[in-house]
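What follows is a set of structures for review.
Shared between the two complexes below is chain A, which pairs with chain B and chain C, respectively.
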Partner chain A sequence: MNVTETGKEYITTMVGDKSGKLKVLLLDGETTPIVSMCTTQSSLLQNEVYLIDRIDNPNREKQRHLACIVFIRPSNDSIAKLCEELRNPRYASYELYFSNVVKKSQLERLAESDDYEVVKKVQESFADFLAVNKDLFNFSLTRNSLSIYSDGGWNPECLNRCTESLQAVLLGLKLRPQIRYDANSNMARKLAEELAYGIKQEENLFNFKTPRDSAPVLLILDRKNDPLTPLLTPWSYQAMVHEFIGIDNNRVDLRNTPEIRDELKEIVLSQNDDPFFADNMYHNFGDLGQSIKDYVSHYQSKTQSNMDIESIADMKRFVEEYPEFRRLSGNVSKHVTLVGELSRIVEKGQHLDVSELEQTLVCSDSHNDSLKQIQQIIAAPSISMENKVRLVALYGLRYEQKDNNSLKLLCEMLGQYEGQDAVQAAQAVINFACLAQRQEALFEEGFIAKAKGNIMGLKGIQNVYTQHRPLLEKTLTNLVKNKLREATHPYVRGAGRGPVSNNGVYEDDVQEVVVFIVGGVTYEEARLIAEINSQSSVRIVLGGTSIVNSGEFIQECLDQNHRGLLRGADPETRLRQLI
Partner chain B sequence: MRKKRVIGTKVEPVKEPKVVQTSAAPTPPPPPTPPVVSTASPGPESHSATSLTCPICEETMLTLMQLNRHIDDVHGDGKVKGKTRASSEKPHTKPRPTDEMVTRRHWKHPGPGQTCHYPDCKRKLGARNGSRHCRHCGNIFCHGHSRYRMKLSRDAHHQPKGGIWCWVCKTCYTGREGYNDTTGTERDLTQEFKKKRQAKIDIQELSVNKLENRLRRLAEESIENESSGPWWKPKAAVTASVPWQEDSTQPNCPECQVKFTFLIRPHHCRVCGKVVCGQTSTQCSLPVGVNILINSLDMKEEFSDTIPTDCEPIRICMTCKNTVFGRRNFQRDVNSDPSELLKLYNTMTHLTTSIENMMPRFQKELEETIASKKMAGMHPKDILAASKLRKRLLDTFSQLDSAARRVGALEGLSPTEERIQQQIYTAAVSFLQEKMLPLKTLPKVLGSEATAPEPAKPRPPANYKALQQQLVVMEEQRFMVENMMLEAKQRRKYDELGPLEMSVKDLDKEIEILRKRLGDEAFV
Partner chain C sequence: MFRDRTNLYISYRQSFPRSTRQLLATHASDEEEQGLIANSDNTGGADEIELAHMGNSLAKTISDDVHGILSEIKVKVNRLEVLHRKNSLPGFDDRSGEEKLISDITYDITQDLHHCQGMLKKLDRQSGDPVQDKMQMNAKIALATKIQDASTVFRKLQSNYLKALKRNEGSMDPIFQSTTSSNTHDEDVSLSQKALQQSQQLIEEDDQSTQNHHIRQREREIAQIAEGIIELAEIFKDLQTMVIDQGTLLDRIDYNIENMAVNVKQADKELVQGAVYQKRSNKCKIILLLTLVVVGLLIVVIAKPRSHTVYVEPVAGKPAPAPPANDKPATGGDNKNNNNDRPVDEPEKGSQNPQDDGADSRPVVSHALL
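And then the complex of A and B:
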């Protein structure tokens, strides 16, 4: 249950065969990021891969002494390119690897193109996912400004892609799961059913040798049931970087940072080959500051010890440790720059103030105070439009049921200060995830909640900025305890459940879970999963159509809204009712 | 043929062809009765024995008692009970399995003041931290390290199917089969692919052969014409091999779609007979000289020395050329001499593999040397072997280094080759940096050893040798540090330059001293 390792293992089997021949690796648009996230240039070099190219690059030179390894997604486009390549081979021999199931017809086309018998091996290696952390993957479906929504449901192309890739994830992890989904989401249900059908079609592939103690569970959720997590400002390292700067396939673009050095314009943040990041990716901003301070002083002591070289023995030690030291120095400057940039952005955008208000809105019940503060913030010129939109959206979601709420007033104010676009964005979010769309309570209301709040007040809140816990936590706790109700998370039709004991309780433990969130997953949820994984015996892997931050989430809501696809009434009328 | 046989034997035509086919096989299938007779022949007892098989797993049994026992033991709580449960619909008849059914004979006895058995967990067992036996290994753990559950059989082995859920420790939980398996599913389609390809290749080969034969004939004819007939009528002879397409049927060239005009004339491919244009710019068809043809068709032996130089060239269209010569050309390219870059790369691979082979041997020697150093008795022979190996390794390293340099110095490469060149160079440099480090520990060991055994009479040669070795090491290090400085400069890491420069200075000083002491012998 480790997606990065699985991906790495796949790549290793592809390039690992040492023949003493120079190798070229041919990729397509889909597999390039997959390979780049799983492996490094130097490990490819060790395996004699000296050239990496794209199959859709028509200007490749003939190198008929090189052995070629092709790794592509079997899309029609890539297969056509590969056929062309085989008909007029540029390299001496070919090994073909596909990231997903190859259709019979595609295989036939390839076989017919191979006139010179250059193909030595054909294999399906199911690495059709982007492994971000060891327990987090995504499909980056929204990468090419593609929307997964279309006409009240899935964009068919995306649904297809999603089903295939999710199937590849299951094959990679060797799981044949029971599939459960959010009952109120058509998209989750559709994906679950397609996937169940797909698994049935590939019965042979899903026939794994090592039996499991209990059936794994695949839980397909819909983003609309928890709009809060992507809207709130996150404060753990990885999540912050994505929220404030943006992570794209583990790469961070720092070109817009003032006074940036050339080599730091694009940096890689990967759990695998960056020990500092692996240790601190889930730490919050405060702890992070401390760790980075320690890291720098560690580096300084190293430099100091390198400065006073007095004997030959010192020198020898120095030469031996130097490569390690150089790596360390690169890493230190990377993280110092990144954390510096983060704190600059946080300070400039007054994100701490905004975040405090967000948490109060979501976690406690103080309507009038919150309203006043939101109004102040909307009027403040130094705060970005996005933050204001988020606050208004949160207010709308939080006090949706309150009679005579002031959403209309806030919207008017937002329009006055930031323009109609902002109002539209806020309304899109509220439309996307309003009470009618959700199936579970996000906010605790009534007597018990108040009592709880009082107790919390007595104990004192640990951290004002991270009070909110994602809905996913509750769902998973219930799932592991076998208490997740079938009314909210039913099984795919036809696929039954394991043994039931006498008193009607399921006996089997849940030990392996794959969670997939349609509409995007957040790094904050990834942090939660890592926490659960380290603290209990259950193993969870989290995935999503993409990894969203608040900006991307709002954009997605807008995408969906523009196509007028909410169930029931059209958004305009719904909104009028709302306000 | 099959039809004939069917009629001959007067088998009804309705009969499935498969049956006919099998009957057409040279040896008729043996009648089904003999085996039964043969098994029955030894005696009636053995016959009854063969009929006693387990209805579930089909294992043969000798006696009825054994079969009963087998069914109870092996299929006791599995399928058989499942069947009865399904038929009777009374779930409460089956007691719920608890982990008390799993054997506890292997449990360890708790001692006074015992701590959790998990490595590095020092917690004391008791009411506070909990105390629980792992049902799998029998050791006792604190709560934190025994909150895992796994299915076990009654004799406490892991049994995913039909086992009983039991508490186990973390070690057993994470150590079970498949837990740390990160290899994903793969499916090999090579066979299927090859089968599909073969069908196409067979047809392809036929057509290639056909065209090739025609071409051979054409070449032969062309040569004969030249040697025997007058030069103005070769056409009739050449056309004979394939009917020519009428000019009027093709207003355009099928390859480049150009319209035939007075200037762009239609030509005929002599191999397939089709009409194509003869423009030199598109190369839809080209007249190929006979001697070139003979060369590339490997017909040299047939016309050892009588190839006339000026016989009529043969016009071949693009399609035919690709069909006939494509594969040949490809094979020729693959088998052709590799470029300078690739040759160097091959030598480098040889060197790296020999280094990788030598390395473990060397390390073993080194360990032995260190071990024997700790023991009082010291064998100079060991040191000698180790330093010999070290010398060979160093030689190989320097060879690799020079090969890498030669790769780096290559010029006039195509852009792709340049990219490869750069990659090879970086790979070699990182290999050198990584592998040469352990080599440095040797002089420390050898150096102190080489002088230690014979302190009484410091013979000059021995001393010289040690000093020389030191000098070599120093120069090596100086070279490496200089390299690092260059790199640091390139990366603009000026903060690293300070210590590096200082170390170079130190090294220079040391080298100077050594040189002075060695005098003329320094350059050996």
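And then the complex of A and C:
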């Protein structure tokens, strides 16, 4: 259950042919990031792939002595490009690999174009997902400012893409799971049903011989059931980088950092070939500071040993050590720059104060204090609009049921300080995930919560900034213990196989789980999954339509609001509907 | 999990009547040309393709050669390892033959590595075509990485042997006990350096105390290996500049593709710019030619009447008034007043007595200037 490895294996089988022929790899827009995220240029070079190009690049030259490996997603566009290529072949021979199930009609079209019979091999390699970490994947569906929502449901194009890609993930991991979904979400249900149908269509493919103790489970969740995780400020390394700077397919753009050196304007953050990042990606900001300090002092000791050059012998030793030293120094300066930038942003935006308030809002019940603090923050000019919007949205979600809540007051105040756009954004979030939309209690209300809060207060809280635990934790704990109720997470019938007990539920504990979140997954949840994986025998892989931070989440809420639910209603009426 | 679709594809391919190919075949009048059709539809760019092919076959041949040498090295290294293991065991029999063999093989491998490195340099040649260059560049990086791996294996082997030899000497010194640092690179080179210095010292001491020949030879051998290691370190350093570090942006496939697209665009722009320059230089040449022609014609035009007046002069006796009269229309047409005057003077010089002329022509010029 390692998505990065799965992807890497697919690529290795594609390029691993040891005939000694020089090879060219042709990719399309979809497969370029897929390949980029699970392998590197140098490992491709080791396999004599000396040229990598896009199939939609019309300026490629004829190079008859190269063997061509094509890896594309079988979309109509890419297939058309490939047909063109086969009609006028530029290379000696072709091996075609598709990242998903290729339709027979598409194969026919290709066969028809292959006048010179240059194609030697056709294969489906199901690497149709972006492997971010070893247990996190996504489909990056919101990339081209595409919204997955349309008229309050799925954008059909995205639903299609999601079904196919999720099917590829299951094939890649060799799972034929039972599918469960959030009962209250139409989108989750739709995806689950489509997927079950798809699996039935490709019965032969899903006929795995590997014996299992228990049936794997695919859990399809909807983001609207847990709006808190993306709204709260995260404090683990990877999540922070995404929240404050933004990670795009494991690349981080640092161009806006003041006084940045040229070679650090864009950096790669990947678990695969950055040992420091792999060790620290889930550490919180405080621990990270300690780690980076140790890392720098390690580097310093190396530098010192490299510095005292007294004789020719020392010089030669330095030269010899240089490559490793250079790699280390590159990595150290990368992380020092990144952490420095993070702390700069945190300080400048007063994120620590905001985060503390967020956590109090979510995890304890102190309406009046919180309200006062929110009002103070809204009035503070140094705090960014996003933070204010998030606080108002959190307040709205938290005290939705309180009889005389002050959401209206806060909204008016927000509008006064930050303009109507901010109010609209906050409302969009509340609309998207208000109580009527959710199916589970996110907040512990009333007496029990207070009691719990008191106990917590007595025990002392470990870290005020990371009190909140994502809802996913509870869901997964229940799922693994077979306690997840069918009322909230029903099965799709007919997709599973093997012995099913009377009530249609496997008796054994669940061992393998794929969680898929419609509407985007957060790095904070990825951290949770990694934690569960390392602490128990359950193997979980997490995925989502995209990876969201708070900004993107709010944007998605706005998108969804625009495209359905309350279309036509102006902000004022929406506000009134809400309150 | 994957699914092979080759058979299905081939069956589809066979089911299609190859209409286009037959079409092309009928187009070609001679049946024997059928095999050349693939080439015949791009006769226009044939030269370019030939050129491109040459550039790439360079990458291909070098890649093949380097692979060949590397596999040889691998065999040799394996043989050397066996010999090393045998020779590092303590024993009493004469081993000079084996030792000779070891040093020969060591020398061979070092030479091979040198050779590989030399071949890589050939890939530096720029063809001017960005795609081509990219390809050669990639080939270079890939080969450099491979050579480096091979040299690391060899280096480790040698330093281990060196250590074993030293241990056998019995003269263990603190240096070797202290070199337990985790860094093997560090260890290798410092070790060999020390060994080199030490053996030199020993050799000197030997001369003084005239110790037995055997020890001296042994020491020399060690010195040789140590030298070999240092030499290798240099190769290593050279290669390092070519290898890209894992995990950096340069190692990202998408980044490289984006970059290549940008490069190609830039090259395209430069080509267009170049064409413009070329055109401009052509234009310049034509303009220059035309100016020359104009100047030439002017000379002819001016010279002709002058030569005419030269004939008239002896009759008229006064040459002075004539030239200004003829000169004026010419100067009116051309700005280069002074330039025109000089050729005007020359015919006079040639035809007339220089002493007379010196006195005579001065007023003419001044007149013309007035």
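In the analysis below, the second predicted complex is superposed on the first by the 542 of 579 C-alpha atoms of A that agree within 3 Å, B and C clash if a C-alpha of one lies under 4 Å from a C-alpha of the other, contacts with A are read in each partner's own complex, and residues count from 1 in each chain.
Note that contacts are C-beta pairs under 8 Å (C-beta built on N, C-alpha and C of every residue); 3 or more make two chains touch, one makes a residue touch a chain.
Small disclaimer: the values here were computed from a predicted structure and weren't measured.
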For the overlay on chain A, clash or fit between chain B and chain C? clash
After lining up the shared chain so the two structures overlap, which partner does A:Gln350 touch, if you call chain B first and chain C second: first, second, both or neither? neither
Between chain B (first) and chain C (second), which, if any, makes contact with A:Glu112: first, second, both or neither? both
Looking at A:Ser150, would you say it contacts chain B, chain C, both, or neither? Reply first, second, both or neither. neither
If we overlay the two complexes on their shared chain A, which of chain B and chain C does A:Tyr322 touch? Say first, second, both or neither. both
Pick one for A:Lys174: touches chain B only (first), chain C only (second), both, or neither. both
Just chain B (first), just chain C (second), both, or neither: which does A:Glu5 touch? first
Looking at the overlay, what does A:Lys121 touch: chain B (first), chain C (second), both, or neither? both
Which holds for A:Asn57: it touches chain B only (first), chain C only (second), both, or neither? second
When the two structures are overlaid on chain A, which partner does A:Arg212 contact: first (chain B), second (chain C), both, or neither? first
Residue by residue on chain A, keep only those touching chain B in one complex and chain C in the other, then list them. 10, 13, 20, 22, 42, 45-46, 50-51, 60-65, 102, 107-108, 110-112, 114-117, 119-126, 171-172, 174, 205, 208, 316, 319-320, 322-323, 326
Write out the stretch or stretches of chain A touching chain C in their complex. 10, 13, 20, 22, 27, 32-33, 35-36, 39-42, 44-46, 48, 50-54, 57, 59-66, 96, 101-102, 104, 107-108, 110-112, 114-117, 119-126, 171-172, 174, 205, 208, 249, 251, 266-268, 270, 272-274, 313, 316-317, 319-324, 326-327, 330-331
Interface residues, chain C side, partner chain A - complex: 1-6, 8-9, 12-13, 15-16, 18, 20-21, 38, 42, 45, 49, 52-53, 56-57, 59-60, 63-64, 67, 129, 131-132, 134-135, 138-139, 141-142, 145-146, 183, 185-186, 188-190, 193-194, 197, 230, 233-234, 236-237, 240, 243-257, 260-261, 264, 268
For the chain A and chain B complex, residues of the former touching the latter: 2, 5-6, 8-10, 13, 20, 22, 42, 45-46, 50-51, 60-65, 89, 92, 102, 107-108, 110-112, 114-127, 171-174, 205, 208, 210-214, 261, 263, 303, 306-307, 309, 312, 315-316, 318-320, 322-323, 325-326, 329, 501-502, 507-509, 511, 536-537
Residue ranges of chain B in contact with chain A within the complex: 91-92, 96, 147-151, 160-161, 163, 165, 173, 177-178, 181-190, 192-194, 196-197, 200-201, 204, 326-327, 330-331, 333-334, 336, 338-339, 342, 345-346, 349, 353, 414-417, 419-420, 423-424, 426-427, 430, 433-434, 437, 440, 444, 477, 480-481, 484, 488, 491-493, 495-496, 498-499, 502-503, 506-507, 510
